[in-house]
Amino acid sequence: MNDIPEGDLLVILRHGPHGNSWLREGLDAALVAAAFGQRVSLLFLGEGVMALLKDQQEGPLGQKGTQPMLEMLGMYDIETLLVDRRALSERGIEVDDLCVSVSLVEGEAIAGALAHHRQILNF
Amino acid sequence: MRYALLVQGGPYSHQASHSALRFAEAVLARGHHLATVFFYHDGVYNAARLSAPPQDEPHLLDAWRRLHEDHGTELLVCIAAGLRRGLLDEREAARHGKQGHSLEAPFELTGLGQLIEVGRSHDRLVTFSP
Amino acid sequence: MILHILNRSPSASRVFQQTLDAMGPEDRLLLIEDAVQGALPQLVRYFEPVIGRLFALREDLASRGLDGRCDSRVMVVDVDGFVTLTEEADKTVSWF
Amino acid sequence: MRYALLVQGGPYSHQASHSALRFAEAVLARGHHLATVFFYHDGVYNAARLSAPPQDEPHLLDAWRRLHEDHGTELLVCIAAGLRRGLLDEREAARHGKQGHSLEAPFELTGLGQLIEVGRSHDRLVTFSP
Amino acid sequence: MILHILNRSPSASRVFQQTLDAMGPEDRLLLIEDAVQGALPQLVRYFEPVIGRLFALREDLASRGLDGRCDSRVMVVDVDGFVTLTEEADKTVSWF
Amino acid sequence: MNDIPEGDLLVILRHGPHGNSWLREGLDAALVAAAFGQRVSLLFLGEGVMALLKDQQEGPLGQKGTQPMLEMLGMYDIETLLVDRRALSERGIEVDDLCVSVSLVEGEAIAGALAHHRQILNF
């Protein structure tokens, strides 16, 4: 992608689902910010891309996954989902394996995304 | 066999508690005796009696309690790790001049020496960390 | 024989290297939680020295949508198999 | 300038709380206004009122309290993160039918929206994570 | 200009790579807590791309016995200098 | 070192001082086990070797370091301190830089140490 989106808040998601609560807490922050009328973008780096895989299930003891939250993003007008291309290819994941539609970023576009948002929360 | 678990991850923050409870069920299902769970490091937060997770999420505190009620599993909390993190039973609260308590039976505050004893006296000790 | 249990992905943490260094020739390694990512064909190379003694927990693969994506050389076990592995080992060591 | 801190690490387990308090002192020493500290993730455990660390270790709870008393810094605890982890003030305890409470003033339970508002209304937001 | 703050050693965690990927050409990097290990001459190579914009926190070096062991290309600042760095940056991002 | 010590408990220390409490909690466990009469050995891997550096100081807010605990090891008859040679050399640390006397281990001796202790706690 060549157009780096501008926005109020960039939420960086670097942890996968189930192993810890960072992903859920980061998505919570993004949804709340959007509910407050901020223009929010998400940037998935490293293990964070695992959040987007199809076919995820409940965790141990029926722990909810993050897919229900991802489905809410559209309702909250969070439409910019930037995904580190290298994090996908390192794991052999194709864009078709993802459950939402995303924009791939790499190289300077990642730093650009940080520069173009007024505030950043890193999870 | 006689199993013990060492849980070092806080509830809801890390999968460690969930993994330990899932493993506990499987240990019991295979006919073993799950004699003891020892909570150390942030694992001590599993005993926080006021924990109030959303109703559609697993209630870890209740799950630990059921383990004790149904199978007699001892739930031991390291006292040094607990005091630093605000987990006091009524006796420790009184001893430190605090009103109220944050930990209660079936969880028990015990010294770290109990972990060493558990390692010695059980056939298997499996650790779940954050 | 020791059962080593690892819960961090080799893509995020270098603890897998300490784990491999500490493994004896008969020891086994079980990947759980975030470490199950290491069972992907693209990441399993990190565990090359212990192929044949490398296990991954099915429930953690499934919850992450990775159940069908494992390298065929990784032995997938469910939590019942996890208990069996602890029965067969003299002791267990968890790496995090 | 108007500063805010976001603290995400539990006390005694990680350096995050220590680092944040040290940074807070330096912010104030340089003449800035430290308006708000927001506690999220395991950072909410910093507010555990029964915390009883050994006397020769820093008392983090008291250090946060002093920040509020001496400089008016607001100490905001994310309510969703707090409830899961057993941090309830008297009102929330009553609402959930629990006896006792684990969090009290000057710490305040607030929604996550406050973090977003803090990010908007302060000049700088610096995060300390585990 | 963004101030990036890193608290994990490059010998233990790969998060330093994400940090470097996310840094713009003028951005600065401050090593705190366990990350100050990265200021050692043997480990500073991980931060080669940002030499000249690389800082380390003196108090965290000192408490770890590393105060005199830093690579000379790392700029050592005390916590007062840490605050100055946040004043000079438009915003900060913490990596952990 | 060629002689792999036998013992009741091996405590593996993999975290440095100050950043988190694993090192202190691991040393606590070792000291308690020794006080209970167990034969305890310590194995320092990776960042854990940082625990042994000379000239450490108090942490932020006067947080105690781990050196006072290291000095207690001898009193509790914990004399086997195994240190990963590679972890030292990666960091440019010499044995003379350490505040206690240690035995260097590498390669198979590390796995040997685990095999030769009845119980292992990994911090």
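For reference, chains read A, B, C, D, E and F in written order, and residue numbers begin at 1 within each chain.
The working rule: a residue touches a chain if its C-beta (ideal position, glycine included) is under 8 Å from a C-beta of that chain, and two chains touch if they have at least 3 such contacts.
The chain list, named the UniProt way, goes like this: A, F = Protein TusC; B, D = Sulfurtransferase TusD; C, E = Sulfurtransferase complex subunit TusB.
Small disclaimer: the values here were computed from a predicted structure and weren't measured.
Just count the C-beta contacts per chain pair and the biggest one is B-D.
Here the spacing of chain A (Protein TusC) and chain F (Protein TusC), counted between their Cα centres, is 40 Å.
Centre-to-centre separation between chain E and chain F (Protein TusC), using Cα means, comes to 27 Å. If each chain is reduced to the centroid of its CA atoms, chain C and chain F (Protein TusC) end up 26 Å from each other.
Shown for chain C are the residues that touch two or more other chains, namely 7, 11-12, 14-15, 33-34, 59, 91, 93-94, 96. Touching two or more other chains at once are residues 12-13, 15, 19, 22, 41, 57, 80, 125, 127, 129-130 of chain D (Sulfurtransferase TusD). In chain A (Protein TusC), 18-21, 46, 59-60, 63, 119, 122 are the positions where the chain touches two or more neighbouring chains simultaneously.
In this structure, the chains touch in the following pairs: A-B, A-C, A-D, A-E, B-C, B-D, B-F, C-E, C-F, D-E, D-F, E-F.
Listed in rising order, the residues of chain C touching chain E in the complex are 11-15.
Across the complex, chain E meets chain F (Protein TusC) through its residues 7, 9, 11-12, 33-34, 37, 40-43, 59-60, 62-67, 69. Taken together, the chain C residues at the contact with chain B (Sulfurtransferase TusD) in this complex read 5, 7, 32-34, 59, 79-80, 82-84, 86-87, 91-94, 96. Those residues of chain F (Protein TusC) that touch chain B (Sulfurtransferase TusD) in the shared complex are 8-9, 21-22, 25, 28-29, 32-33, 35-36, 38, 119, 121-122. Listed in rising order, the residues of chain B (Sulfurtransferase TusD) touching chain D (Sulfurtransferase TusD) in the complex are 10-13, 41-42, 45, 48-54, 57, 61, 83-88, 92-93, 96, 98, 100-102.
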